[in-house]
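Alright, structures below, take your time with them.
Presented sequentially are two complexes of chain A, the first with chain B as partner and the second with chain C.
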Partner chain A sequence: MFDYNFHWRPVFKSVPDLLDAGLLTLQVAILSMLIGIVIGLGLAVIRMNMRGPLYWFATSWVELARNTPALFQLFFFGFGLGAFGLHLTPYTIVLAGLSFNCAGYLAENFRGGFQAVPDTQRRAGLSLGMTSWQVYTRILIPQVFRIVYHPLTNQLVWAVLMSSLGMLVGFRELSGETQFFASRTYRIFEYFAVTAVIYYVLVKLILLASRLLAVRLFRY
Partner chain B sequence: MQSGINVFTSFGTNDIWFMAQAAWRTLMISAVSIALGTLLGVICGWLLHEGRILAAVLLAPLLDAFRSVPLIIQLVLFYNFAPIIGLNLDPFASGVIVLTLYTAALVANVAQGGMQAVGVPMRRAARSLGMSYWQDLRYVVFPIGARAVFPSWVGVALGVMKDSALVSVLGYVELLRASQILITRTQEPLLIISIAGAFYFALSYPISRYAAKVEKRWVQ
Partner chain C sequence: MIEIRGLHKYFGALHVLRGIDLDVPKGEVLSVIGASGSGKSTLLYCINGLEPIQKGAIRVDGTDVHAKGTNLNKLRQRMGMVFQQWNSFPHLTALENVALAPRIVKGKSRAEAREIAAYQLQHVGLGDKLNAYPNALSGGQQQRLAIARALAMEPDYMLFDEATSALDPELVGEVLDTMRVLAEEGMTMICVTHEMGFARDVSDRVAYFHEGVIAEIGPPTQIFGAPRSELTRKFLAKVR
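== the complex of A and B ==
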């Protein structure tokens, strides 16, 4: 029954390469989060304040991002845009797909955050002579970030996990690199076991970093 | 075959039917996994809530691992691990097992939250009215707790439905895999990927709308 011989040596030899790929995973996840935060904020503000085509654009973005699989979104940026003659590199596909997805989810988080800040604060800011931009950047958004800090951390973890889909569009981040090595040596189980551990550690490090950052950020 | 060899045939009504069947398979694998996973997850959530140190030491890290490793890695790992211990599973069975465990890990958190939402005084009141422990669970904790976490449970279920797209890496022909097959044959990526997206959207959007509505009603 148990006549399978585990071979860990080739796996351990390529651990440095896997860790490098893990950094690439982290990089793409953080970048897509940053893009997602900017777009998500924009979408949330549009959905709360505007009517007409812009509102519908933002709403369809959010609903599409939330109601279709992330893999579908990657395929859309991968194959779908190919129909327009737009052939993106794997890195761009993953970055675009993840940013699209993160923006949609974060927009909903931000909307909840904005609703949690009393409207009187916005009006108070305006009546003090602040511009709308100043009210948002100096009063509302700092508070919103505090409210959505934990969902934001979760979303970053999700982005790291989702970036593993890059494997299916030929992106050599942690999963893609693992598959590359695994298909070269046929040590599929061993390679993916090590990768699973790396992902686990990566996620734990993110959560730890987020907790430490929270202590620093939310002293008051 | 008419004249010559037609490598790429265009997209026809048969293919819509093919995709509908694939959507049905997506629905099937998700429904089975969500049902089993919810059952298992509720049990785990109950253990986490009621079991003291043992559950916190043994069960919590295990469930945490399922949440911290990308689903696609879990699928590949399990699919390659099963033959090692002498199990020969088809893609559907492997997919169901992994998705069930994944769902259970997510639902356990939700269920634990639901049980925590039921106040301790309420449970003491139930016990002092002469209800047994199980009656207390069945008639007090379950109705109140389930109501509190129903929206997040729907969120988990929809997430699993979307994540079931990943079972395609094992060769199970679900919606996204079917669209890839069709893209290879017809060379019309944009059309087909959009149809696949529309299928997912049609499955997910009404349910998420409904959950949002229910949540709003219960908040009032």
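== the complex of A and C ==
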């Protein structure tokens, strides 16, 4: 009933390649998070303070990012823009798609974070003669980051896992690389089993790093 | 000198300030008393431009606070404000709380700002708490921290918005003592307060607010000894 013969040797031989691809996964996830944080902060601030076209632009971004499949968002940057003659490299497609998605989710996290900081903090900063920019960067955002720190970690984990969609636009990150080897050797189960372990370890390392960083960052 | 002329302030349809005329000369300690909702705190927010006004004018040393083109950030550096909720910045130590504005607003060097901060914290009796985070301080200590933070900008005026009314009773004294020290040093102060003892003992003048107007203003001996307005008499009879 179960006559599948496991062949692990080819998988183990390509572990170094898989680990390299894992680094690429991590890289694109972290980069898209950084871009997502910057844009997400901007979107949140726009949505809280502005009306008119900018507000609608930011709101549409958040709505699209959160309410359509991440895969479709990747396809938009890949095949969608491709249809208009704009051909991005697989790396750029994944980076753009993930950043778009992260920015949308993070914008809502940040908005909740800003609302959790009492308005009196803003007033106290202004009353000291600070500009709005200084109030945001020195007083509000540091507090918001503490509030959204764990959601932020979750989003990074999410980005790592979601980057596996990159395989569908020809990006050879961890999943793409696995798929490549698996289809050459037909050891599909073995390859994806090992890759699952690599993803698992990667995520655990991120969670550990996040916990250590929190101890270092939040001493209050 | 703070000059207020014909000030009207609305929150939507609510007419909060209904024609305030008031001069506060340099060196004066003015206490503002009155029932909740009479517009006392709103007046302070209008003076430092945190709330827009609908009619009238407020001038601080000749600068029209609400005129277009007034640099509010510059103006606010001259007016320290202490709020009812002690809003120390929770992510910064006491020293950093106080040193932040001198450094980023006034452009002092890091070392200089920390020196100012240490001095002001000593001034309000928190010399042993320089590296404490606000969550390790009591309400009274946090409120004194807020006072030190405002003083570090070397303001000409200090506005106190019910600085003690959110504190536990046993912590009120230490904050009032700090305010007393400032008054003795000659700081110009407008104190919105429910502390009648403080208003009587420390202020040069007391203004009684009633429904958005100054019902009576005069030296504490007048307000507390022989109030001329029936409204003042009624209010004081209730709070005593």
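In the analysis below, the second predicted complex is superposed on the first by the 220 of 220 C-alpha atoms of A that agree within 3 Å, B and C clash if a C-alpha of one lies under 4 Å from a C-alpha of the other, contacts with A are read in each partner's own complex, and residues count from 1 in each chain.
The criterion applied here is as follows: a residue touches a chain if its C-beta (ideal position, glycine included) is under 8 Å from a C-beta of that chain, and two chains touch if they have at least 3 such contacts.
Owing to the predicted nature of the structure, the values given are computational and were not obtained by experimental measurement.
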Scan A:Glu63 for contacts with chain B and chain C and give back first, second, both or neither. first
With the two complexes superposed on chain A, say which partner A:Ala124 touches: chain B (first), chain C (second), both, or neither. second
Touching A:Met33 in the superposition: chain B (first), chain C (second), both, neither? neither
If you stack the two complexes on chain A, which partner ends up touching A:Leu156: first (chain B), second (chain C), both, or neither? neither
Looking at A:Lys204 after the superposition, I want to know if it touches chain B, chain C, both of them or none. Which is it: first, second, both, neither? first
Counting only touches as set out at the top, which of chain B and chain C does A:Arg146 meet: first, second, both, neither? second
Per the contact definition in the header, classify A:Leu71: touching chain B only (first), chain C only (second), both, or neither. first
Considering only the touch criterion stated at the top, classify A:Leu168 as touching first (chain B), second (chain C), both, or neither. first
Between chain B and chain C, more extensive residue contact with chain A: B
Where on chain A do chain B and chain C both make contact? none
Tell me, which parts of chain A touch chain C in their complex? 118, 120-121, 123-131, 134, 138-139, 142-143, 146, 219-220
Which bits of chain A are touching chain B when the two form their complex? 1-2, 4, 63-64, 66-72, 75-76, 79-84, 157, 161-162, 164-165, 167-168, 175, 188-189, 192-193, 195-196, 199-200, 203-204
Chain B residues touching chain A - in the complex, by the definition given at the top: 65, 68-74, 76-77, 80-81, 83-86, 158, 162-163, 165-166, 168-169, 176, 179-180, 183, 188-191, 193-194, 196-197, 200-201, 204-205, 208
Which chain C residues qualify as touching chain A in the complex? 48, 50, 72-77, 79-81, 83, 85, 87, 89-91, 100-101, 104-106, 133-135, 146, 149-150, 153
